[in-house]
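Structures follow.
Here come two complexes built around chain A, the first alongside chain B, the second alongside chain C.
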Partner chain A sequence: MKDLTINSTPQKQYRPGTSLVITAIASTVALSVGFYMALIYAPEEALQGGAQRIFYLHVPALWVGALAFLVVFISSLGYLFSRNTIWDIIARSSAEMGVIFLTLGIVAGAIWARPIWGIWYSFDPRGTTTLVLWLTYVSYIMLRSIVGSGPRTSRLSAFLGIVGFINVPLVFMATRWWRTLHPAPTIVTSDSESGMPQEMFLAFLVCLGAFTIFYAFLMIYRVQLEQIVERVQTARSTLGLF
Partner chain B sequence: MKKRAFGKDLPGLIQQTWLLLKKDALVELRSKESIPLMIVFCIVSLVIFNFTFDLRTSNVTLLAPGILWVSFIFSGLLGLGRSFTRETERETLAGIRLAPVDPAAIYLSKMLACFFSVTILQLLLTFLMVVFFDVNLAKPFVAVALPLGSLGFAAIGTPFAAMTMNTRAREALLPVLLLPVLLPLVLAVVSSTALAMDNVEWNEISLWIHFLIGYDVLFLTISFLGFQIIVEE
Partner chain C sequence: MNNAIFAFIAYALLWAMLIAYIVILAKRQSEMRGQLDEIEHALTTQDTKQE
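Let's look at the complex of A and B:
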């Protein structure tokens, strides 16, 4: 990436900036500390045993997934109001990150749920909402890849980014009421969050922070890469090379 | 059509919507392709549901609300896709845009056209449910839930159909994009239909009816405002 930047564009913004370097180092350190704390420092849970340690991966991954889609929502609004392509670049980069982290979170949750709940997946409000969020943004990426690039794609996906995000609380409400009005087998809820020892909570917080920094690093990297791609495309079309 | 300013004047908007709606009705009456297609698809799916669920449950009536709405949504998606495909195939949408017509009028006319055609579908579907599954759907709250469900479907379905109209694989893309957004609506209409069939009191069903009204108002507003972004050139 460095070579390309220096050769093709003398502009400052395309060098791997200090923000990228800082977040790269910070996320490496934070993730190492986080995994150490999750696997060694945090005490073993009395009832669930080792399976509980998935919690340190599962919750931060889903948190980052949700955060990524908040970013898609905000930058979709930003794009529609300003029509500046940087917002569109942020939105599409964040949607990709969101899908990756949500997938990680859902898979980790399923691996945990099998020994603890006895089922792989539960269609409770949280489970369903997460799955719908995942589906919405997978379709967001599909829309982008099918329609191709250009301002029309940016507009359409901004609309989808907004509608998809607004839909999330509706899904949550509807599934919650669905369960309360239609009695269904109740699911054993985990009490790990309520009576959590301090070491566990600390390990959890470190993992949460580490994942957030890692997301920031990936986003900066991805946005810079997309900017280079856009520049190359513009240069090609001005030179008549397609 | 008279040339009109690209304004947001209400009488102009109503007139344009009315003219476009008449045009859609006329095209449908002459071609007879969209509504008959939905109806036949709907009958086929009801027959399939009747057989596939028959094996595992002794009483298919219990599954009636689900069957009703799944058939409705899938048949409706078929008609929804057609409504804009027809415009792009004959490049009429570009003509309408050049007329010039307010995009808001295009949205309203398409949404109402969709609402009317799915209402026809729904009346027939309700009749078929009675014939095939012997369920009693003549309940006051069913009559409230069904139009609210159709309106929500038309409200949010229309901009999504417009989004996919010029794309490759649009027939597959439309349901993939739309179904996650329709999920809360489906849950609400299936619940309220089921509760209405069980003759519950108003206070038990009111939560879902209010949810449906809220969903319809929310997505009518968002689609009305967002439609301009979608059809913009």
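Let's look at the complex of A and C:
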């Protein structure tokens, strides 16, 4: 039977299965606990009131965005050195995740800024560098969808994925290097201790962990989808369907 | 407006976005699996005829 051509991609295949189920269960539990701690367990902030609870969503979403772009950076290097398509699949899947979580973080930040600052958005250093980061990876996704698939697109995307990551440390350091409307670092202060009450810090850590596990689940699911798409494309081209 | 309403909007938006994204991924995966099954079925039929 010819169907050996469908499964005969020479690259090493990534096979999720148990890992997908484990991360799905773990992220459901972790997100439930995280949201309980963020909305009920953590005490209300004296000045900001309920709006401060957005912090437990805003920061973890941006953290996952940065983590996703780090994965794009590493995978892009992996692709350029090895030309193994699995790296390319991981890079494009992670770029999509990163844009989604960064969008979520930016929108959550805007919803927080409205009652606290009186404005939806501020082009201060942190806000501007974050927006530039978002635009960089939106253009990465657009490049891939416009140019189409193939080794040339993968190579170009890998370069963009590497160059785009330069902005991530800038976003992180923006509140330390420049005057900004964003609050000064409160999670870990200069003396390496948390500037938050213990309950708030614990709720924050749980949310951070929950979002990270959720990212892992989405990544496995997304990579699995990309592998199916590749198999369909290989099979169709083998059959001469396009 | 009570500040807690802003938090509620943010969390509702989070769930809406993430659920929508998972639904889109699930639909696409189901569509691709369908196509793969069709191709495999076509190949099997072709082989049976040849035999």
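In this section, the second predicted complex is superposed on the first by the 197 of 242 C-alpha atoms of A that agree within 3 Å, B and C clash if a C-alpha of one lies under 4 Å from a C-alpha of the other, contacts with A are read in each partner's own complex, and residues count from 1 in each chain.
The rule we apply is simple: contacts are C-beta pairs under 8 Å (C-beta built on N, C-alpha and C of every residue); 3 or more make two chains touch, one makes a residue touch a chain.
Treat the numbers as computed from the prediction; the structure is a model and nothing was measured.
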Inset, instruction - Answer with first, second, both or neither: which of chain B and chain C does A:Val21 touch in the superposed model? - result: neither
Inset, instruction - Scan A:Ala51 for contacts with chain B and chain C and give back first, second, both or neither. - result: second
Inset, instruction - Between chain B and chain C, point out the one touching more chain A residues. - result: C
Inset, instruction - Using the touch definition from the top, say if A:Ile228 reaches chain B (first), chain C (second), both or neither. - result: second
Inset, instruction - Considering only the touch criterion stated at the top, classify A:Arg155 as touching first (chain B), second (chain C), both, or neither. - result: first
Inset, instruction - Look at A:Ile119 in the shared chain and tell me whether it touches chain B only, chain C only, both, or neither; answer first, second, both or neither. - result: neither
Inset, instruction - Spell out the residues on chain C that touch chain A in their complex, using ranges where they run on. - result: 1-11, 13-14, 17-18, 21-22, 25, 28-29, 32-33, 35-36, 39-40, 42-44, 46-47
Inset, instruction - Enumerate the contact residues on chain A facing chain C in the complex. - result: 1-3, 6, 35, 39, 48-54, 57-58, 61, 100, 103-104, 107-108, 111-112, 114-116, 214, 218, 221-222, 224-225, 228-229, 231-232, 235-236, 239, 241
Inset, instruction - Show which residues of chain A lie in contact with chain B when the two form their complex. - result: 80, 132, 135-136, 139, 142-143, 146-147, 155-156, 158-160, 162-164, 166-167, 170-171, 173-175, 177-178, 181-182
Inset, instruction - Using the touch rule from the top, collect the residues of chain B that touch chain A in their complex. - result: 156, 159, 163, 167-169, 173, 176-177, 179-181, 183-184, 187-188, 191, 195, 204, 207-208, 211, 215, 218-219, 222, 226, 229-230, 232
